[in-house]
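Below you'll find the structure I mean.
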Amino acid sequence: MTQSENSSIQDVALIVGGGPGISSSCARLFSKNGMRVAVAARNPDKPVLETLEKKHGVRRYTCDATDPAGVAQLFDHVARDLGTPRLVIHNIDGRVPGIFRKTIIEADPAMAFETVRNAAFSAFLVGQQAARRMLGNTPDANGAKGTIIFTNASAALKGFPSSGAFAMACHAKSGLAQSMARELMPQGVHVANVPIDAAIGWTQEDGSRAHRLAGTTVDDNMADPDHIAETYLQLHRQHRSTWAVEVVLRPWAERW
Amino acid sequence: MTQSENSSIQDVALIVGGGPGISSSCARLFSKNGMRVAVAARNPDKPVLETLEKKHGVRRYTCDATDPAGVAQLFDHVARDLGTPRLVIHNIDGRVPGIFRKTIIEADPAMAFETVRNAAFSAFLVGQQAARRMLGNTPDANGAKGTIIFTNASAALKGFPSSGAFAMACHAKSGLAQSMARELMPQGVHVANVPIDAAIGWTQEDGSRAHRLAGTTVDDNMADPDHIAETYLQLHRQHRSTWAVEVVLRPWAERW
Amino acid sequence: MTQSENSSIQDVALIVGGGPGISSSCARLFSKNGMRVAVAARNPDKPVLETLEKKHGVRRYTCDATDPAGVAQLFDHVARDLGTPRLVIHNIDGRVPGIFRKTIIEADPAMAFETVRNAAFSAFLVGQQAARRMLGNTPDANGAKGTIIFTNASAALKGFPSSGAFAMACHAKSGLAQSMARELMPQGVHVANVPIDAAIGWTQEDGSRAHRLAGTTVDDNMADPDHIAETYLQLHRQHRSTWAVEVVLRPWAERW
Amino acid sequence: MTQSENSSIQDVALIVGGGPGISSSCARLFSKNGMRVAVAARNPDKPVLETLEKKHGVRRYTCDATDPAGVAQLFDHVARDLGTPRLVIHNIDGRVPGIFRKTIIEADPAMAFETVRNAAFSAFLVGQQAARRMLGNTPDANGAKGTIIFTNASAALKGFPSSGAFAMACHAKSGLAQSMARELMPQGVHVANVPIDAAIGWTQEDGSRAHRLAGTTVDDNMADPDHIAETYLQLHRQHRSTWAVEVVLRPWAERW
């Protein structure tokens, strides 16, 4: 076991957003690597989160990530229960269903704004609290006080037609991540933006295939959340002499 | 006079945002080129806008550009008074003063959100109304039904430290513009994003120098809003066979 | 006539590359705007260049733009005959025919290297000579000593499959343009890179449609070189307070 | 040991470029992970390469990477001696010393061209041979037939002043990598471009600090080649459902 693998043992990881895809994969992988893991969701009573608790000892928290006081309280509670996180994942898509595939003419303004609030403002709140807490950490063996990772989407790289609200939200998240990286990295906190340029799909415990977006064809050309989680762990373990700020992940057969 | 110059005569231009810099320069230039010009601002009674009306026949409108109903009404009133616009400029910076130079740790969440709402959500509302109206226009000599231009800032190109909220807002605006361009250009509406990578400064009528940001040194290395307005008019007059979607303007001596 | 239009009267323009598309359109437009125009090509005896001379007084020069001594001599001769250029256009595609649509497996290395030499090394040579001469000019009414414009292609924005050599050449040209812009703009020379993200097509004098790439469907979705030339002239006339370094031009209906 | 770690055991790795920094770190790390490692250099008799052979069993090859026949022969010899590579690293900076910090006015054209040939044309040749061989491999446990990694520099991200030739070379390499990625990834070969946005420095066996660029201050703000090598190995081991095409590495305290 190398020093950099050793460095994260007993680290606390907080995952904000609690779905069956990336969040669950992260929770499992981090837990298997010896971290104490917290997952926060609007509704922490979902079966998928209960399973994480039972099988992997993951701690569940209720949080509306668009509420400043709620996010501050989440970090307080995690610190109290597990310790100050060294790894925070913001994993919220944020799209209001009614905004999907709507042209700029059709899109409902309130839904557009809600999408920006859900995806980008929550990233600001989570990033702010993570930064406040992590700056007090002592540097680990890799010279880092902590890692903040923002899951992002293709819409961060390209503004697609009939997707204006999500383009706003994802671009906003990229801008935030880049600003935070420039600000926090010289203070020892690693910030990374990870646009997943793909549909996300995975094999469930019963062997069947699951995927995040309804209507997506289930095939080989999807990003597997277990492998996304591996990249996140690698980013967390990067030595501070070689930090990556943006990593785009896409399946081999994706057209881009 | 060329055909492309001729095409915009009697066009209606609507400028949303009413400061003494770019908005005023645009209003003057568009008016001199024979366009009927409307300017909308939260407070249209500012002396600078009164001067535009008296000297250049510019029509003033009251509008809170973050209010969906208010923006729809603005377009109704302009259509009623002057005709449906063929050129719409979104020229709102949107930063709440208290957010300036605040680190991610210090930034007030409500102010951060207000900045995104002011700058990016208003762009969505203005862009949406502009698109709705312009799609009904007949193509002009350049093959265009209209032009929508978003003034943007350096923060759209780079997330600067201690500027997370503005980075979010400006990146969001870029994402929106790109999505709208992909969607609307094939329908005949030109969409352009113009990040001004500079402080903005100009010479006032009394010969003294003015500039937008307090504390900025007034010198030669600033973007002159009269020349920004020229670029906007050129973008409006581009033939649809050669449309530019993003034009970054910066002064000769700017470091970047 | 505005001051900025006046500033370019009697300017000398040198266009390197002499085809019937962008180069001819530039030569005609610059000439109509009162500039003395030189065109350089490997073979200046093409009918299209003879027509430019007869109808528009354009001066023709022989030059292999990949030969350092030849390019230096070209600038000497133009200076002797017409004066030091204030506007230099590098308009060389450079692709060796045999490299078209070749996969990385199939591409002939010598042809790949020849493509880079033709497109990018010639840009270096032309840019270098242009810079050397222009720095001695006195600033015009816009504060500029001169303008250097590099015509570029979609491959500068995106490395397409089966196009590795051209991706290298076009990316190289972008890197050169950006480096030169950072270096020369503070010294008063405007440098711009103009990727044309489209096939190029135009209507010939007999009313028929022409296009640059064999096999391209002639339709409305092409960049018209006459309008590209307009953008080049506008770039040349931009005031130094608001210079654009990169302008991507694409037709309204292009997918990107 | 996970399946993805297992997948690379007995893999053959070929590193083209043989300095004491990244190449040596890669050779050591790949060797420690069970790979058979070949290093090719113009001069394979350097003490640093002899040490790699003695201590780590690395096989040395002579190769001028700008010579098409030489590169083909290198791949033949490696295949004969060790097997077809599954991991190929192109790690050539390529700058001719005389081109350093030269303005566009001063830069010697022959040196500029040599820089492009050394850095970018060699990347084309190495990439082409790697692709030809790897496409015949059977997919490993991650679904990959092989990985091609191009080490790149800050100049791939930004054209710096007084660095035109290197900007050309590095941008060309990025364009090539992107084109190859779009072409080869759907065929099972992972292609990655890794711009190192930093000076490179490391601690030598005697405890003293070494660095790649003469005149660079040796301090904490440098990219450690051992950690760069870790990223390369991780890229090689990524599952094909989540491949990264470009990863920028920079030290925590770097300004960008």
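Order of writing sets the chain letters: A, B, C and D. Residues in each chain are counted from 1.
Criterion: a residue touches a chain if its C-beta (ideal position, glycine included) is under 8 Å from a C-beta of that chain, and two chains touch if they have at least 3 such contacts.
This is a predicted model, so every value here is computed, not measured.
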item	value
Chain hops separating subunit D from subunit B, counting only touching neighbours	2
Repeat of interface C-D, chosen from A-D, B-C or A-B - more than half of residue-number contact pairs shared	A-B
Farthest-lying chain, centroid of Cα atoms versus that of subunit C	A
CA centroid of subunit A to CA centroid of subunit C, Å	45
Length of the line joining the C-alpha centres of subunit A and subunit B, rounded to whole Å	34
Cα-centroid distance, subunit A relative to subunit D, in whole angstrom	31
Shared-contact residues (touching 2 or more other chains) in subunit D	182
Every chain pair in contact, whichever chains are involved	A-B, A-D, B-C, C-D
Complex contact set, residues of subunit D against subunit A	4, 143-144, 182, 185-186, 188, 190, 196, 198, 220, 222-224, 227-228, 230-231, 234, 238-254, 256
Subunit B - residues contacting subunit A, complex	68, 103-105, 107, 109-110, 112-113, 116-117, 120-121, 124-125, 127-128, 131-132, 135, 155-156, 158-165, 167-184
